[in-house]
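Structure incoming, see below.
Letters A, B, C, D, E and F mark the chains in the order given here, with residues in each chain numbered from 1 onward.
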Amino acid sequence: MSQAKQADQPQQAISRFPVPEIKDLPDDIRTAILAVQEKAGFVPNVFLTLAHRPAEFRAFFAYHDALMLKDTGSLTKADREMIVTATSAKNNCLYCVVAHGALLRIYSKQPLVADQVAVNHLKADITPRQKAMLDFAVKVCLDSQSVGDEDYALLRGHGFDDEDIWDITAITAFFGLSNRLANVIGMRPNEEFFLMGRVPRQ
Amino acid sequence: MSQAKQADQPQQAISRFPVPEIKDLPDDIRTAILAVQEKAGFVPNVFLTLAHRPAEFRAFFAYHDALMLKDTGSLTKADREMIVTATSAKNNCLYCVVAHGALLRIYSKQPLVADQVAVNHLKADITPRQKAMLDFAVKVCLDSQSVGDEDYALLRGHGFDDEDIWDITAITAFFGLSNRLANVIGMRPNEEFFLMGRVPRQ
Amino acid sequence: MSQAKQADQPQQAISRFPVPEIKDLPDDIRTAILAVQEKAGFVPNVFLTLAHRPAEFRAFFAYHDALMLKDTGSLTKADREMIVTATSAKNNCLYCVVAHGALLRIYSKQPLVADQVAVNHLKADITPRQKAMLDFAVKVCLDSQSVGDEDYALLRGHGFDDEDIWDITAITAFFGLSNRLANVIGMRPNEEFFLMGRVPRQ
Amino acid sequence: MSQAKQADQPQQAISRFPVPEIKDLPDDIRTAILAVQEKAGFVPNVFLTLAHRPAEFRAFFAYHDALMLKDTGSLTKADREMIVTATSAKNNCLYCVVAHGALLRIYSKQPLVADQVAVNHLKADITPRQKAMLDFAVKVCLDSQSVGDEDYALLRGHGFDDEDIWDITAITAFFGLSNRLANVIGMRPNEEFFLMGRVPRQ
Amino acid sequence: MSQAKQADQPQQAISRFPVPEIKDLPDDIRTAILAVQEKAGFVPNVFLTLAHRPAEFRAFFAYHDALMLKDTGSLTKADREMIVTATSAKNNCLYCVVAHGALLRIYSKQPLVADQVAVNHLKADITPRQKAMLDFAVKVCLDSQSVGDEDYALLRGHGFDDEDIWDITAITAFFGLSNRLANVIGMRPNEEFFLMGRVPRQ
Amino acid sequence: MSQAKQADQPQQAISRFPVPEIKDLPDDIRTAILAVQEKAGFVPNVFLTLAHRPAEFRAFFAYHDALMLKDTGSLTKADREMIVTATSAKNNCLYCVVAHGALLRIYSKQPLVADQVAVNHLKADITPRQKAMLDFAVKVCLDSQSVGDEDYALLRGHGFDDEDIWDITAITAFFGLSNRLANVIGMRPNEEFFLMGRVPRQ
């Protein structure tokens, strides 16, 4: 059985840096982490590994929440996670592709779309509007210096307004930060993410 | 429920080109396809889509089998599928990453390794020998013109002999062909592959 | 006289997005901006342009301060600004190269080093330790997926410890975010920055 | 005299791998090779070097013949060899550029076109239709992930039908395989190819 | 004081190669250099470092003068220096970005434009005509093989004639030569250039 | 017969720009061109096309001769032409690859080496010293910003002195200029070059 096989391996480190015990963390961070654990059933490693630096942890998640939990604009939660998955794949960030791919599956209720978007968004089962959104996000990710009027016009042609464009840009930029951090510290995705959203809940 | 949701969508084409009915295929191709169906429980779309060109179909699978089913050399079946998954990801080939990622999970009995290798093989739970193998395969995939003595030496340092090096090269080269064909004709992976090998069989 | 000439031109927008009046901002943001104005003699446009989104503004500057104002570790203020200048040049971010180049000149008391680092850090008047720091930062900026043990070892060989490596990484990653935002919203550097630190104060 | 000079050099290996004697080969392969020798006056090294692996040899040449010897579709023999020459140059494959450049000269009866296409097809004496064909082939060679509807439309605008598009794709993909194999095993072109088709036959 | 600080450092070499004394130079070269010194108030290091090779020096400056001092065509002196600054930045040539950026500031009487163009010409305070000119120059610099009819048409649409196009091309090409030489020999810009044109003359 | 076939085509322009009649040229240029014609038996198109701009023509050929006709240093004439051929191939310059490939064949008396070097110098029949020379030249051509001490050391390890390194650099840089000019003006190689040096003179 494959799980057993995996279990035979030595426990893999989730970061190149020290990972604090939850009980030793500052109150606000410990509380935030326990709330996530309560909701998700486990603590995503991004919380544990970034807790090594409390001040940066607080800023990171404040930024994250401002972008990913905001309730204005036309981007759905699935749209947001789709941007994260597609651009994190361009940055070859294992943690973000796996963790946000899981969230994308859950929010979109499309079990295949995360793998599609991670490999090649041009072949994914997405709408033309989502394709335009990802084309733009990939350009922000890989070649932001060249973004100009014509890119704004393309998005507006799909019904995005300027605030949406800021959202797409900021999400891409924020996860570009996250991707680089995760790549360098060797942030390891929790095993739970790999299967999440692939099979119907019972 | 997500499967239901997916089912609501119009049936997606599996190729930009005509896909023949199995019953209309030449005998040898029909027999080969039925044998695969018997074993796998479904017909992988690579068989159906390439059957549009019988002569090329025969050569393609003869080449495939010569490389992937050979029983000499030190590469395991998991090693072979790992090469395919890693290099197909570099070529952004949805079909091959999904289908051969499934085979990699099955042969390796490691449910996580395919996603790891597809995103970034440097972060995967693989042996140093496998890492050297993939470093070489990625170089063959992206920059074969620069392969030289020092690359051979690195592989030999991990116990690969020259026949193994040919195997790694030929598998990478063959799936580079497959990736380009699949990308251009829009070959769509069967839904069965996405989940295969992720959960223990009962 | 050149300043006059420049003044003849229509006032250039500092962002593609609305820029709030300072008086209309939330108290904490207004206070923060007025404090900067008090100290610098002007308000850097990054404050005005990002204030369009107060929640993101707060997270952005909390992150910024955690990385750039921290008083532990071996990176000097000049080292930090040098990282920002070099990597922002790779991302072709006009705002950050100009603004942080100014800060680099001031902290380093080297009026030439910002231009050197922005064009080609290999030709700059910096120490071998700084060169190694920038080599690493540029790799994090452009190819973070490939960072590995050997990169850590190179930095340790120059006396950086692991916390310094996190600092270099996080600064690079954070300004990669900033660069993408600035490039897309068209953040315009204040004219004051261009000359700052180039001539001795009287 | 230059030939003499060249002859003074030690005989160059035509592959990093063992090259079988023709007499030791399986009957079908030996027969095929002797037929080529009969027709061409020499044995192209691709036959000798790939004969090291008989099963792969058979599949390789079956695939080759299915693509290059087919008598349907609108691609001429010269068109096919032009695709091979142009894309092999992008992959820096010495064997294929030299050998297929020779065939291109012969089939096209244009002694200059192979060198033109190998260096820069935009400067070659080819028709607009051939230019569109090579533009597409180069995209399949270097960036197949991005091929989409607009590429199909461009080719149709030049009178290519979908079967022609498959042909261009498959030829490019197949020789991408060949290029990688040749680059890694160090396949050396026969000297005969270099001059072939450059001077009128007497 | 920063100048003092800089002065504490050991004198930096201006070339990896021997730099001749002005008095030891051939008459024509010495005369040319003294004339420049008379006019500029100092001898730009490009004169001193290239004087190591008198024959190449003469050809280099003859070419330079033919392109940069010609008084026909529609390119202004500022346009010419803008091309040099933008393309030298793409080639990461410290000497040329700094020295020609200074000339650009002087000729354009725009103290900010050189830094803008060096970082990202798409964000610079330039006319649409100048943007088209720099788009073309950057293409000649980085991808001259792809220049074709459509590029000529774009420039003509901005009022450039064919002789202007030759000028843009030749200036870009000539400074591409200069950039490579300067990068390899380690040509160091004179400190005078860094400040030149940034402040109004008194 | 292929020559006949070629002749059926309309005469191809050798430049996008006006090509002066030899009789209309300034005396010194006409004399220089007639001397070349006398020696070579034809006028290479680089002379005719660049004569459109006499001042630049004079500087171009003065530079060319200073680098290519100098009789000091350890580079042979074949070495020089080999550098031109290899780097012009990287710049996809049809004129220079064809014309200097011809000269390389003649000076080296190796009829195959120009095609080898143009496609992939790592597979060419050249000495380790020549391979190091071309590795360096290609780096100067494509990435001169990164050239540093270790590159100088590598060349010195093959017996090149610093003056040789300047020669390799300057030849590469000069032909980078030539490649860009030729690509943009559409300089067409004379047909004579294609066959030159391929067959023994009688």
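Worth pointing out:
What we mean here is this: a contact is a pair of C-beta atoms (placed from the backbone, for glycine too) under 8 Å apart; a residue touches a chain by one contact, two chains touch by 3 or more.
Protein identities per chain, from UniProt: A, B, C, D, E, F = Peroxidase-related enzyme.
Keep in mind that what you see is a predicted model, and the values were worked out from it rather than measured.
Common neighbours of chain D and chain F (chains touching each): B, E. Shared contact partners of chain B and chain E comprise A, C, D, F. Seen from the Cα centre of chain C, the chain whose own Cα centre is farthest off is D. Between D-F and the choices A-B, A-E or C-F, the pair with more than half the same contact pairs by residue number is A-B.
Here B-D and A-B are compared, and the pair linked by more C-beta contacts is B-D. Between the CA-based centres of chain B and chain C the separation comes to 45 Å, rounded to the whole angstrom. Chain E and chain F have Cα centroids lying 25 Å from one another.
With each centre defined as the average position of its C-alpha atoms, the distance from chain C to chain D rounds to 52 Å.
In chain A, the positions touching at least two other chains are 92-93, 120, 145, 183. Because contacts link the chains in a way that matches no line, ring, star or complete pattern, their graph is best described as other. Every pair of chains in contact is given here: A-B, A-C, A-D, A-E, B-C, B-D, B-F, C-E, C-F, D-E, D-F, E-F. Within the complex formed with chain F, the chain B residues making contact are 145-146, 148. Contact residues of chain B toward chain A in the complex are 1-3, 5-6, 9, 12, 89, 92-94, 97-98, 105, 109-112, 115-116, 118-120, 123, 125, 183, 186, 188, 191, 194-195, 197-200. Remark: chain D residues 120, 122 touch chain E in the complex. Every residue of chain E that touches chain F in the complex is listed here, in rising order: 16-17, 52-53, 55-56, 58-60, 62-63, 66-67, 70, 91-93, 140-141, 144-145, 147, 152, 162, 165-166, 169-170, 172-174, 176-181, 183-185.
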